[in-house]
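The following blocks contain the structures, represented as structure tokens.
Both complexes shown next keep subunit A, but they swap its partner, so subunit B is in the first and subunit C is in the second.
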Partner chain A sequence: MSKLYMARNPRVAARSLDGEMMIMSGRDSTLFTLNKTATILWQAADGATPLDEIVEHRICPEFEVEPAEALHDAETLARELASHEILQISDEPIALANSSSGVSR
Partner chain B sequence: MSGLMEQMSAKALKLNIPLSVQLDLTYRCNERCVHCYLDHDDHGEMTTAEIKHLLDEMADAGVFILTLSGGEIFLRKDFFELLEHARRLMFCVKLKTNAVLIRERQAARLRDLGVESIQISIYSHRPEVHDAITLIPGSLKRSVDAIRFLKAQGLKVIIANVLMTQNMHDYPGVRDLAAELGVECTLDPTITPMMDGNRSVLDLGVDQTGLRQVFRDTALVGDVEEFCAIPAQPGEDDLDATPCSAGHTACYVSPYGEVFPCVQFPLPTGNVRQQRFVDIWRHSDQMNDVRSIRVKDLTTCPSCTHISNCTRCPGLAYLEGNMRGPSSQDCGKSFARTGVPSANMLAKQRAGLNPLQGNSGSLNLVQIRALPSLSGATV
Partner chain C sequence: MPELATEVERLSLIIKIGGMPVRVNTTDPDFLAMLRDRYAGFVAAPEYAEIEFDIDLSPARFPEPDADVRVTQQHGRWTFERGDFRAEWEPASRTGWIRQTANPYSIDAVLRIVHTLVLARQGGFLLHSASAIRNGKAFLFAGVSEAGKTTISRLAPPDATLLTDEISYVRKQDSGYIAYGTPFTGELAKLGENVSAPIAALYLLAKGKENRIDPIPPAEAARSLLANLLFFAEDEELVQSTFHSAFEFVSRVPVSRLTFVPDARVWELIR
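Up next is the complex of A and B:
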């Protein structure tokens, strides 16, 4: 199974409001809030860490879920976030330009 | 406002988080608009480093929507450096500009940096009217060219049409221009007193006849009967409500680091050159005083017919001398809409005063501001 890498889309706006992540689409200003799992994916989406590692180290300990099941669900979620242009996904590491790497707060 | 944005605003209000800030980068300007409330000298603007530090503090404080305005923002030589820093902090950045300095290259850079929207002041579709307000020949062409450059980059542009005596009859033409350009258009007949207290610019404001015309234009207000209806009796919720977002989930920072509840509410609350932004926001006595006000605490207004749908601006009330008092401009707006005088107008009439006269100057009138079109979703 190939690796999946994720990076935050530099065109979105984002802020954590008391732990709840608000994301505004750069495409059409649609506002999203991320659930707990999606927030973990967003915060871990550095373009360099593959999804399976994120699931193993960040999601499984949080939710006490089987790794295979968690990875399947996380990949579905990552692809959904990518369809909204919140994340960029690739089967190779994603290089981030310095000016657009984004500091998630 | 979308349902989700309302939810986020309610949450920010509960948590005392400044969700939205307008930061004026400079008061310098390359236009000399006849109605402008600013002086255009530099009295010691914040440096690049100071503004970057402020942006860091604002991100930490939870600010999400950052409006960069002025003056003319593109006169700051470090503008793109500041914008880049703001976007790296993932603010939702909105710009207000006259766009005279935006060409293809700047438009492309704004697209690359993911600016949410650019609001551009257009006073008329006719150069002889627009340029007579900005006092810069050729300014309408420059601004409209810029809108085309921005649209070509796929950016969201909003034309802001300030209405006054000089351009009162041109707003349909501006709306047509906006439609031709494929951009949104807002109409705002508010003229703000100058920062030095000079209220002579208020004479440029649209009179009651003009306002009544605007409020009965279906193209602007939709259902005129509904828009101009006399409001229902206020309920408990109306009286317990906060007057507006100023000081509650929003505030304003001047180019000199002064923090105010709103750009139109110049109550000094602190300066980010002396204190952390978040400390001013949370602990300023003045900010907390503004926050404590509920509609039922206002003088005169709680007994007013219009209280449940009045657009009373606490900043304009403050500029009249009392932030808990009425805003005569908004009384004029309610009157023009419904034909029913406000409690403030009736009180003035009983005192033998002009009911449509503000406490410190002549009447200027209404504001119709479009809310950002945000749809919401949860993922």
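Up next is the complex of A and C:
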């Protein structure tokens, strides 16, 4: 099974407030509020860490779920976030562009 | 020898909203008179203008009169388009033009757009909200259509100065925010007063069976603020800038839910 890598799309604006991660598309101004799992994926999406490692180290301990089930759900979620252009996904590591204007602060 | 060209007198008017003077030039005295009447209270003496628009009153029909507004930027030049107008504005030269028919609505839309663009770079914004000054402090009342903006404006007591019943003008200044009066009206069809004051609170309006103020979590405050912002530009940099401005605002200005019954007693809570 191939690895899946994720990177934050630098063309969105993101802020975390009271534990809620909000993201706005720079393209069409759509506002997204991420749930807890999506927030973990967003925060861990460094382009270099594969999804299975993120699931093993960040999601399974948090939600006490079976790794295989968690990976399946996480991959579905990652693809959904990619469809909204919140994340970029690839089966190879993703080189990060300069994203200073879009990252959380 | 006959003259080859006739010089047409150019007529000008300065419309100053939010402290920003915008000069509009036209050759039509009737249109100028209409603007002078439409923006009464916001017409300033001739002075330096931060932006200048030449207005071309086109007799031609626009091909898609129902088209929604589009605001795009290319190579430093903004284009504003809607079914009833087309305009361009170049910030570097501070100049632009508007092509429209002789009506007050098209130029009103252009002014709203250009103010949102200028404010976005300065940490401010236009907000779907009524606003008023009381005891030297400005209060904003935000909500979608039917939320109660017009009602709360109509109920304002004599010691409250109405800034707008529809679109508030918010400018960042030092560590706080200032609300300015606007001529952008809603159902009340009454221009706001051309004055300003520091913003003391933003209330999210809800109609209910009693008058009460409830705190709301910061994330909900930010979400609600973003939902009520006026923003037109298809421009990633400005979208991001406006997004962060909204969070900055809720970190500095108290945001609460104001539930109210439609009578004047609600203003006993606004002080």
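As a working rule, the second predicted complex is superposed on the first by the 97 of 105 C-alpha atoms of A that agree within 3 Å, B and C clash if a C-alpha of one lies under 4 Å from a C-alpha of the other, contacts with A are read in each partner's own complex, and residues count from 1 in each chain.
Keep in mind that, in the parts below, a contact is a pair of C-beta atoms (placed from the backbone, for glycine too) under 8 Å apart; a residue touches a chain by one contact, two chains touch by 3 or more.
What you see is a predicted model; the values in this text were computed from it and never measured.
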Quick one: is A:Glu80 in contact with subunit B, with subunit C, with both, or with neither? Answer first, second, both or neither. first
Does the superposition put A:Arg11 against subunit B (first), subunit C (second), both, or neither? both
For A:Ala38, select first, second, both or neither according to whether it touches subunit B, subunit C, the two together, or no partner. first
Once chain A of both complexes is superposed, is A:Glu20 in touch with subunit B (first), subunit C (second), both, or neither? both
Broader residue contact with subunit A after superposition on the shared chain, subunit B or subunit C: B
Residues of subunit A at both interfaces, subunit B in one complex, subunit C in the other: 11-13, 15, 17-18, 20, 22, 24, 26, 28-29, 31, 33, 101-102, 105
Residue positions on subunit A within touch of subunit B in the complex are 10-18, 20, 22, 24, 26, 28-35, 38, 77, 80-81, 84, 86, 99-105
Quick check on the complex: what are the subunit C residues that touch subunit A? 217-219, 222-223, 226-227, 231, 234, 236-237, 239-240, 243-244, 247, 250
Touching residues of subunit B toward subunit A in the complex: what are they? 2, 4-5, 8, 11-12, 15, 17, 19, 59-60, 62-65, 84, 87-93, 113-114, 116-117, 156, 372-379
Touching residues of subunit A toward subunit C in the complex: what are they? 11-13, 15, 17-20, 22, 24-29, 31, 33, 101-102, 105
